[in-house]
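Heads up, the next two complexes both have chain A, just with different partners, chain B and then chain C.
Entry: the complex of A and B
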């Protein structure tokens, strides 16, 4: 049995060869389009800066948890560019390390959303009928709740802590990916190349993994960028109500919470962490929009 | 219906006993067992769930584990406040989003369009509670124009009520308007391409009339749906915004409950908010059929 499937697979590569050629051409065009897409460049610059800062944190930042009670609530200066907080900790360093938390959350939460959402969408869309109905009703149920509310409820059930927050945000992001992948699958399922793959005897598994997934993945990538932005916002909300990273681990939402009582005297404590959140989410949204234009120019025409 | 039932099941927490007794105190397994039995938590999960559901349907949502208040009472007190905030917010969001969206659509790719889309992109990226904090700093701390926090019912004292309500509503509605504006714009653009608009123009109608009577009316139908969804989303955002501005609504009740691991309150509060969202969505669906007679539900 395995040998025959293998044979049919090689046959199909021949059949598909003609279809593969324009794809690789499009790939070279991709890079070209990406470089001319300003939105994408701005997005990459914003996200890249924070990613770089997070990576190089030990090199460029001081210990984010080092207390210095003699120098608390200092306004921004050359030695502490973003000022110090109520415990004298250097806020710049805390933002840099907080970036690690935010990016980690974004990656893991979106990872959970992808790992569960994409297969669910593929299976529901491909097999249809009962499976489709059942899974999509569950997804409807999950989506009936506002994301922040659901994440807060899940996180409060799981208990505070960064891992639980990431899981909560990840669960919340599953239905979006599942729906999107299902829609893509429904569309691609009806295309001629899936029909021809079926005609040469490809298995369902092969069709799903080799035809539907690669052809339907572009909007998923875009959605991943946009939901990373959402994940960072949600994490900030969770940390703000004390359900995210536990102190003293610096996180942007947590910093806003501890800085809030000092609003009248130390605005910088409320200003910079929020700015970090806004710039990162803005960058990710730009990146998503840019990717949409680059990966699928057809969508752009539809949008305007 | 299945959605609601699923949602209810979902809100049953893992092990509230540990949370009630406190995780760090050296509790013996026995005391855990006793507490479990008292709370009926030794029974299988489905039975627990139906017990809870049965009581909930009779209006008994249990008592707060923190101050022993009946949960249904505090919710009844706070829900109108949250609804008031949500309604004011969505009105503000519409006031910002609709004109900007229209402007962006009738001058596509102009400077207006660009500015509007820039505002919406930035608006989407700013966390609403941060916007709230910045507004408190500017309008309450620096300019001293508005009270930083608190709540007065608009029905008792309209002026003081609005002064308290305006900042939280702006924080919530401002963020919501960003997404809404995009929908107004794209929806109007789509309608403007339709044949009947061309017909209206060909008849020699004034552009103003074409826009207001023909295009806008039809383009706002899908916008109403989005507004409903946004209103639901606001309920999520209200959690944090309410606690920043000390608005005594369901959101701030929930946040306090989360801090104290007050599970009956968390369950019931989240339930009420979720039910509210579902009701709004249902209302929007019905409204949709009313606005667009082509849609019929069987």
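Entry: the complex of A and C
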């Protein structure tokens, strides 16, 4: 980028504007490309549907905790479109409210992962050497355990409950983000625009926040979408073993857990929460893949 | 017309005869081969019959490995086993047991009067782990009169004595106990139809036939018919059911009421109806706030609707019970019953200083039915402003909190649990009220209540005994250390190829005469 080098040599404030140029370029026609990416559209539709249902839950659903012991295990019908569970609760309402739990978990857990993982990766990648070694060995340590197992350990130390489950899943997702951000940082800090920013005396802070972070964020967004799917699955697993949302709070994993003994007699108890988990995680994965294609300038030509 | 009738009768007669002949051909002599595997709800905890006996599998293993002095059947009758007969003195204080001769333990030593005395002394030793010691305090001394005669002297008249003994008198080899010491629970040596091959805690127990067993089978040879038995415990109802269907297990201690149609529709499986039932119970830590206040316990009791709860849990086969007694027992107490009264519950809460409601922790063992009950209790109590936070725990964690009472453990406020009803004799439920007793989960110490239990032990008059227990039931409905929700009959299942399983009162199996029909 010879032009940016020349400009930044004359005016320091212009450095930032020109250095973020790759980002704004990459975003040109973003929506145009997204519209032509079918995978992403399907993903958005799946996730959007559940997000909308979760938002509108108080309007479209009944009380998900109201027992009706005389009407238990009813098959799907017009009054209860997804049937009723072993305590006579409306399964549809529980799926809708369970969606709130799942999306909440996805957001909070991925939020924790981002808030801690991204700075760790930036610092480790940028400063390198001992800081890098130390933080990345800690991340390796965290990653050495299977994610679900680690989440179970953390959740059982913290005690069962939704908040603790979210924290546990968040902690588990930190290393992934940290590694990814570190990789991005290592790559970007050797680019011309960073070197030139450094040459004109930009501070480390300025370089990290204005150059490396904005340019490295695309894969992080993709990873966040995919991690959300993972978080929903992990929450379902935790609820399945009794460490997630406490009854009577509906959660998809918890519903699967109470439903699976009825597989032979009342399959709708496990079918619908199972489908909800499958569709949402599939949607998030599609969304993630689609975002990668859309955000990655190297792949742009394939879609134009 | 009459000709037709005669023809019809002749044909019918011929049919009956031929089917009878087929039946005789089928009920062949038992075959001497095969292994039977059984699965219970709870894992085996010990092979030492004088230690804990919390699960049915424990009892099944004891019945396979050991002989009892006397035994009680599902009808509540006391049967001879090692004791061929017994005499009771006129004052009811001296029991003389005449023992079967020629019985030896798996280690070759003789099962004689000394071994019986050793076992009874071990059972009643208050310093030991024996879960039954508290119910045998009436024994003053055990005397060996000769090699085949043992005399038990009581310090006071004890009506349930024989039935208590019959429930738990598996005779251990004194030599083996001395040899293994604390490890005896892994190295059981009895005189039963099967002997131990291996057992690892948490895994299955493998037993093989005792070639020198004393009982004789229908073919004139010593029992048992089976080559071996494998027993294991799995808490998950679905896993047990699936493994029964796949043929992994032949006997399943317990199926849930909702699975009965599944079993009945499978020609390889049969449903076993037992005399046992499971009682579902809510309890409190009465030694600590908040539930040291009787008004709060009564508020919970008044807020529950046991009929609806038990109907949902049992799919209609259960019934409300004010106490864990079997419905048709002579000691069943019909009145008083719990009364659903949400206004009273709110009023009691307000009086106790919680007009805005009460928050408590409710713990249960993480099992399907317990979890279901917890949520129903939660919803019912929420109606009157008692908000419970449910904690589903592993069995051992739950027992850690509640055995011998929860004390100051902050998680031990309120709990739900299952327990067997008491077939045979009401005294089986005394342990819930025994001061300092291991399963006095509520830590409930009421001298009057305990006094009535002791009264019931010191009279032989059945009506008086029943009255004593009825008084206890009334006291505890007024004080609610336990809120008994109801009983659900225990239903087991078996593969049809397994023949002649004798059920025990605890819904376990006696496998001495069991055989496998693979024809």
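The rule is simple: the second predicted complex is superposed on the first by the 271 of 304 C-alpha atoms of A that agree within 3 Å, B and C clash if a C-alpha of one lies under 4 Å from a C-alpha of the other, contacts with A are read in each partner's own complex, and residues count from 1 in each chain.
By definition in this document, a residue touches a chain if its C-beta (ideal position, glycine included) is under 8 Å from a C-beta of that chain, and two chains touch if they have at least 3 such contacts.
None of these values were measured; they are calculated from a predicted model.
Participant: Counting only touches as set out at the top, which of chain B and chain C does A:260 meet: first, second, both, neither?
Facilitator: After superposing on A, A:260 lies in contact with both chain B and chain C.
Participant: Looking only at contacts as defined up top, I'd like to know whether chain B or chain C touches more of chain A.
Facilitator: After superposing on chain A, more of chain A is contacted by B.
Participant: Please indicate which partner A:59 is in contact with in the superposed arrangement: first for chain B, second for chain C, both, or neither.
Facilitator: Neither chain B nor chain C is touched by A:59.
Participant: Should A:69 be classified as contacting the first partner (chain B), the second (chain C), both, or neither?
Facilitator: second
Participant: Mind working out whether A:240 is in touch with chain B, chain C, both or neither, as first, second, both or neither?
Facilitator: Only chain B; A:240 stays clear of chain C.
Participant: Both chain B and chain C contact which residues of chain A?
Facilitator: Common interface on chain A, chain B vs chain C: 242, 260, 263-264.
Participant: In the complex formed with chain A, which residues of chain C make contact?
Facilitator: Checking each residue of chain C against chain A gives 237-238, 256, 258-259, 261-262, 308-309, 311-312, 366, 368, 371-372, 374-376, 378-379, 389-392.
Participant: Mind pulling up the chain A residues that touch chain C in the complex?
Facilitator: 65-67, 69-70, 72, 86-88, 160, 242, 246-248, 258, 260-265
Participant: For the complex, which residues does chain A have touching chain B?
Facilitator: Contacts found on chain A: 137-138, 140-141, 144-150, 152-153, 156-159, 229, 233, 236-237, 240-243, 253, 256, 260, 263-264, 267, 270-271, 274, 277-279, 281-282, 285-286, 289, 303-304.
Participant: Mind pulling up the chain B residues that touch chain A in the complex?
Facilitator: 2-3, 6-7, 10-11, 13-14, 19, 108-109, 121-122, 124-127, 129-130, 133-134, 136-137, 141, 186, 189, 232-237, 239-240, 243-244, 254-255, 258-259, 261, 266, 270, 273-274, 277-278, 281
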